[in-house]
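Structure record follows, encoded as structure tokens.
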Amino acid sequence: MRKYLGIAFLLMGIVAIQLVASFTDSVYYLTQLTMAGYYTMAVLGLALLMGYAGQISLGHAGFFAIGGYSSAVLTTYNLLPYRDGLFYRLLEALQLLQKREDLYGDTIVNLHPVVAMVVALLLSALIAYVIGIPVLKLKGHYLAMATLGFGIIVYRVVLGTALFGEADGISDVPPFRFYGDLGISGDMDLRVENYYIAWISVLLIMVLFINLLDSRVGRALRAIHGAEDASRAVGIDTGDYKLKTFVLSAVVAALAGVGLTHFNGGIGPSEASVMKSVRYVAIVAAGGMASLWGTMVMSTFLNFMSLRGYFGSYDDALFGGILILIMLFAPEGILSISFRRAWKRLIPRTERVRDGDTEGR
Amino acid sequence: MLRIINLESGYGSLRVIRGVSLHVNPGEIVTIIGANGAGKTTLLNTISGLIRATSGRIIFDSRDVTGLAAEKVVSLGCVLVPEGRQVFSTMTVKENLLLGACPRGKRAAGRADKDIERVYNIFPRLRERHNQLAGTLSGGEQQMLAIARALMSDPRLIMMDEPSMGLAPVIVREIFGIISRLRREGKTLLLVEQNARMALGISDRGYVLETGRIVLQGPSEDLLQNRDVQRAYLGRDLDAEIRL
Amino acid sequence: MGVELFLQYIAAGVTYGIIYAIVAIGFNIIYNTTGIINFAQGEFVMLGSMIAISLHGVMPLLPSIVLASVVTMFIGALIEVLFIRWLKSPTVLRMIIITIGLSILIRELALSIWGEGVRALPYFTGNEVSSVEIGMIRISPQVLWVVGVCLFMVAVLQGFFHFTLLGRKMRACAANPVAARLCGINTKNMVTLSFMLSALIGAVAGCVVSPITYSQYNMGTGLAIKGFTVAILGGLGNSLAALGGGIVLGILESFSVWFMPSAYKDAISIAILLVILFVRPSGLFGSKERMALKEF
Amino acid sequence: MRVISRVFLLLFLTVFLVTPVMASDTIKIGAILSVTGPASFLGAPEANTLKMLVDEINSKGGIKGKKIELIIKDSSASPEKAISFAKQLIEEERVFAIIGPSTSGETLKIKSICEKGRTICISCAAAERIVNPVARYVFKTPQKDSFAARKIFMQMKKMGIKRIGVVVGNTGFGKAGKAQLEKLAPEYGIDIVISEVYDKRATDLTALVTKLKAKGVEAVVNWSIVPAQSIIAKNMRQIGFNVPLFQSHGFGNIKYVRAAGAAAEGIIFPAGRLLVAEELPDNHPQKPVLLKYKRDYEARYKEEVSTFGGHAYDALMILVEAIKKAGTDREKVRDAIENLKGFVGTGGIFNFSPKDHNGLDIDSFEMLTVRNGKFVLLEK
Amino acid sequence: MEILRVDNLSKSFGGLKAINNVSFGLRKGAIKAVIGPNGAGKTTLFNLISGFLRPDSGSILFKEQEIRDYDAHRIARLGISRTFQHIRLFPGMTVIENVMMGRHRFGRTGFLGSMLNLPRKKREERETRDGAMEALRFVGIEELAHRDALELSYGQQRLVELARALALEPEILLLDEPAAGLNMRETAEMGQLIQRIRDRGITVLIVEHDMSLIMKISEEIVVLSYGEKIAEDVPLAIQKNEEVIRIYLGEEDAQDH
């Protein structure tokens, strides 16, 4: 049960922040905290991929955007003109449609957000799977470049396609209601509820990831990261594990995209930009590659500050600076610096004896 | 010429060389033999400056070279022919040799052609391969090129790490012939070999290295006769003595 | 598509391609001596041209280009000394992140120095509307400058690497760093030198393309991505292959405009890169054997 | 676990030490502008203009004795930041009104937030969808794209041009322009033979203009706000493609003329009168306003004024005008803006109505051209 | 009965033939050694059998099943386990965790099962730990179970790696220079351990330089030189084989130079 101690603290923290915010009449901070929560979800997936499976992804914003855009398109695309079609009637019979009024009083019929979300997640999983098979065979710079390339393609497609609203993105995405009025929505009256929705989701993902890492699978991931040859020699299908981790992290990013899109009521191409992907990597690096907790903390802090506008016009420069400083002085993340670790770093990690024969290469 | 006192070295926290002391006199061939993993390569790498010693001293030509960078050590006249035919495979034979003359600085530039000629006389096969890319040479030729390149710096001490590794017997014989010739020309050599019989055969003295320590030393003939050496490295007199 | 149009496309493609190739060559130089892909390579191009434009305010064209290139070269050296030199056997991941961070910082720094405005050096010969007729096509004289300067640089680089001792030392570091040290070569200095050289090439490239493409604080990122695409397309580490890869990609991009919306142009070239990475990571002109020598 | 406690401490500190200070004797105005990032060429002059005007107003004692407190938030053209800032400005800062955002995409995202928050938003972005359909609290100052398109087509008709090519940059501005051009062309009997979108960061468009040339069009319309519009001009001339080139009102920045150099000569485009202020007849109502803004801006920032800064000028001054009329009650001010008539701004003379939250008509545009590296009225 | 059969195996790197037309068989329950000078292709042979390299031609039969195109992890799952010439332990893991990795092939819990903490996960975890402990006990280092694996001495690390290979419950164990870097006493103990492994019914194929160890424990020896098999016989015969003496033990006439 010790491993859930952190989760308990997190839950207490979530509640405490809300209570303090409500009682000090500063409940509006929860808006940015909620948004930061969704970004944190995406970053946690990336932390799993980078820190534990050892694979860099410079295109993770692409998956966030795939999730967000799929759900935005499906929940704003007006199906009313097709109301005589068989497909429409089928959806209607299955109660998968949602009828609503837009800002100007026109009636729109679109897919229910649940359906949109399911489609978004399946789509991101499928794309991650198809892309992952060849991409994850690459290493080092080639892997970095391939994932970066994937991100750029998503960005270009979003920017160049009328369906995705080109440069304007998609607006007027309806709320994602679970029960009555309760649901993901940017409505200011539902702010506390939305804060909890976002952060309980983060919490659940933390629980799932902690369970995952504390298992046969998690051990295998660490093994692959530490010594790939040896893990193959004990029968671990390294390619399969990397691929599944890639898909898992893509789906989590897409889920975050779905959530934020409904919360914001829209999405724009900036969510798919390379700078966003770099930002995610910066946060994972700052949190300490293989530390879910560190990543969560850094993500919450940095995203919150950024969304509040505290960094002003130096937002990008700041993330660039973080990347460099962390990688130069604390490649294991700032929060991982403690005396024990610092002491360990003074004595560098061992490398095996290179003496001996080098046959067969 | 070379004196090593209580040398300790290794990779990270792993100590591979544990308190080794040895010396090489001018004009000698000295052989170090030992099993895989005994630390022979680490020892040579430490002397040549590729690895930093954690303690102990290395004195070359009455000058303390401990902790000196590899490129400095070479320019003092102590050159290593590394294990495994480390040539510049994407460059021609001639370019490899020219680079070998680098440690001598600008002075050598004008004499480079003459030096190359001198080296070609020792390795006539290389002259034929003059403009060929080093990576396309045969294993033996690459080993010769590595030695030739080392000679270009006009060293006083040449250290060789397993020059016979992976080579056909006839080539090995040729290389050992060249080693003998170098000694006749006044070079001092420190040799690390697995082919113990052959190495001890041409050397004056030998050391036996085991798990990072010198366990045995003496004139080569004595070592060749030593029962422990025979058992462990020459594959003779087996079962009887093994105490399990 | 008529012959004239076809040739015009080819000419446009070659222009793009050669610009990409110059950036790719900068990548290759650093990659060869260090095994690092310097994601900040595009910023050298930006710095070179922005500095030259600023200097051009107070001095004639040629001296300002020369001075700007020298200044950029020293910035390259400074970057290597400050951010790369003292790292002990950094992982590839770490290097990627550091150079990406550098690229962002340099870009933001340029924004605060020069602002967001678009600037350009004047055309070296002629002006914005002058063009040279070659056969059935017309191209700007600046394109000839770009082609000429690029080919000149490739030739000089080939000469430098193959016929001077310094160039050979750098190649030796690329081929076998350990053996290079044992030949008395100070490999760290060679790395600094490679940063200087690639900064210099980037800066010169930035100056010659500036009249055509304009210069802006954020021009580096796009060029870097294209340059890297071309470097891989040709075969990482080989300058002539980069030139070939550049021209191939340039022409493909140029023709892609004919067949589909030009908004997808970049997506096309990246998709080509991905396909190359998947099926032939050694590049169009690289060999598998050479790839195996460079362990990643 | 230590990590977590550290984090929460950190969060608490940042959240609760920064408490907004409320002051009732000022009028708080928020601005969401893309000061940096891909649309900085819009946001930067807009921010400069606002700062300049607010300083000026405050130094004269403010509006009705109340000083203006300006809060500028840099969204770097990211909708998610614009959303966060809009909520922040509306709920926490309780601003009186929001000026901006600079881009259409951002404005469309915060439109409903301003509606629900009952906060006036005067956008500096171009897209017609911002005010059509009309949202109660949302206004915009840049001229409508449709008028610019009409102006261009009218000019073409005069010149007898029938077959044209349209190229636009992949920005919100280009997208909206393309839609308007395609919608209105039939009305004027003009045939769009080819229409293309290029990347806003494009550095060479020879391939694109070659394609246009091959289609044998009689004129080209380029609709964009990015440097590429100069590149189009150059590349056309370089390949010897000498048909008339029309640009959109996004060409309204002398920097682009300078970048295009000789290739800019003869480009025809619609624009507000800011760029040709000196040339206007002395009795033109806009002339004094334009000259003053231009001189003040250029004296303070040492750079040429652009029409984009003018949009922010209009936004702020319309708001100020309405406050002068209606006081500091938000609903009354909103009504005042909606009924504002004959307001002279940089973009033209604004006549708002409940159906028109832009207030400009087609006469706010003049057709300009470039002669000897300067903007001049086409008809002169 | 032959549990493993290698036929006409060849592999080259660039122009170099690392393994050239090598054939031999491995009898179930035997200890067989591969010897040869450095660069003879021994490690390449191991890498081919264990699936880390793919042969250019030839076949590898494991219990009559063709496995030449299988990837390393699949071969490990079949029950062919290996150690490495340069020890490869998993960094940042304790000894027991390292050895638990060896039992990976017996687990069934996947991503979903792990995330949701399905009951099977707990049961499996216990079984894995028990199996790993058993392997540690067999090599005699169970008291080190909770130490950080990389903090151990070289000899202890060898044993951890061996325990990990044994935790797989292999049918064939491939040992790549298990005595390299060990001192005399440790080498002797390693020899005993290998014999005990064989006594458990595990077939052992070993590459080793320490001749005394080889001659003592192995039942058959294959000699490689230059990628080719030049002899295959019992130890006593190998010692007397003229060609083996010439290429491997050193040339007598070399002293004449």
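Here the chain labels run A, B, C, D and E in written order, and each chain numbers its own residues starting at 1.
As a working rule, contacts are C-beta pairs under 8 Å (C-beta built on N, C-alpha and C of every residue); 3 or more make two chains touch, one makes a residue touch a chain.
The model shown is predicted, which means the values in this text are computed figures rather than measured ones.
Trainee: Just to be sure I understand the contacts, which chains border both chain B and chain A?
Mentor: The shared contacts of chain A and chain B, listed by label, come to C, E.
Trainee: Relative to chain B, which chain has the most distant C-alpha mean position?
Mentor: The chain farthest from chain B, judged by C-alpha centres, is D.
Trainee: In whole angstrom, what separates the CA-based centres of chain D and chain E?
Mentor: The computed centroid separation for chain D versus chain E comes out at 72 Å.
Trainee: Based only on mean CA positions, could you tell me how far chain C sits from chain D in angstrom?
Mentor: 36
Trainee: Which integer distance in Å separates the CA centroid of chain A from that of chain C?
Mentor: Result: the chain centres lie 33 Å from each other.
Trainee: How many angstrom lie between the CA centroids of chain B and chain D, rounded to a whole number?
Mentor: The mean C-alpha positions of chain B and chain D differ by 75 Å.
Trainee: Show the residues in chain A shared as contacts by 2 or more other chains, in ascending order.
Mentor: As it turns out, chain A has residues touching two or more other chains at 159-160, 316, 348-350, 352-359.
Trainee: Residues of chain D that contact two or more other chains, please.
Mentor: Residues 36, 170, 197.
Trainee: Where does chain E touch two or more other chains at once, residue-wise?
Mentor: 38-40, 154, 177, 180-181, in rising order.
Trainee: Enumerate the contact residues on chain D facing chain A in the complex.
Mentor: 1, 3-8, 10-12, 14-16, 19, 35-37, 73-74, 76-81, 83-85, 87-88, 91-92, 103-106, 108-109, 111-113, 115-117, 127, 133, 135, 170-175, 197
Trainee: Which chain A residues qualify as touching chain C in the complex?
Mentor: 50, 56, 58, 134-135, 137-142, 144-146, 148-150, 152-153, 156-157, 159-160, 274-275, 278, 281-282, 285, 314, 316-317, 319-324, 327-328, 331, 348
Trainee: Using the touch definition up top, name the residues of chain C that touch chain D in the complex.
Mentor: Touch list, chain C to chain D: 1-2, 5, 8-9, 11-13, 15-16, 19, 111, 115-120, 123, 127-131, 137-140, 209, 212-214, 216, 218-219, 222, 253-255, 257-258, 261-263, 265-266.
Trainee: Under the stated contact criterion, what part of chain D meets chain C in this complex?
Mentor: Those residues of chain D that touch chain C are 36, 38, 40-41, 44, 170, 196-199, 201-204, 206-208, 210-211, 213-214, 227, 230-231, 233-234, 237-240, 255-256, 259-264, 303.
Trainee: Mind pulling up the chain C residues that touch chain A in the complex?
Mentor: Residues 37, 83, 87-88, 90-94, 96-98, 100-105, 107-109, 221, 225, 228-229, 232, 261, 263-264, 266-267, 270-271, 273-274, 277-278, 281, 296 of chain C touch chain A in their complex.
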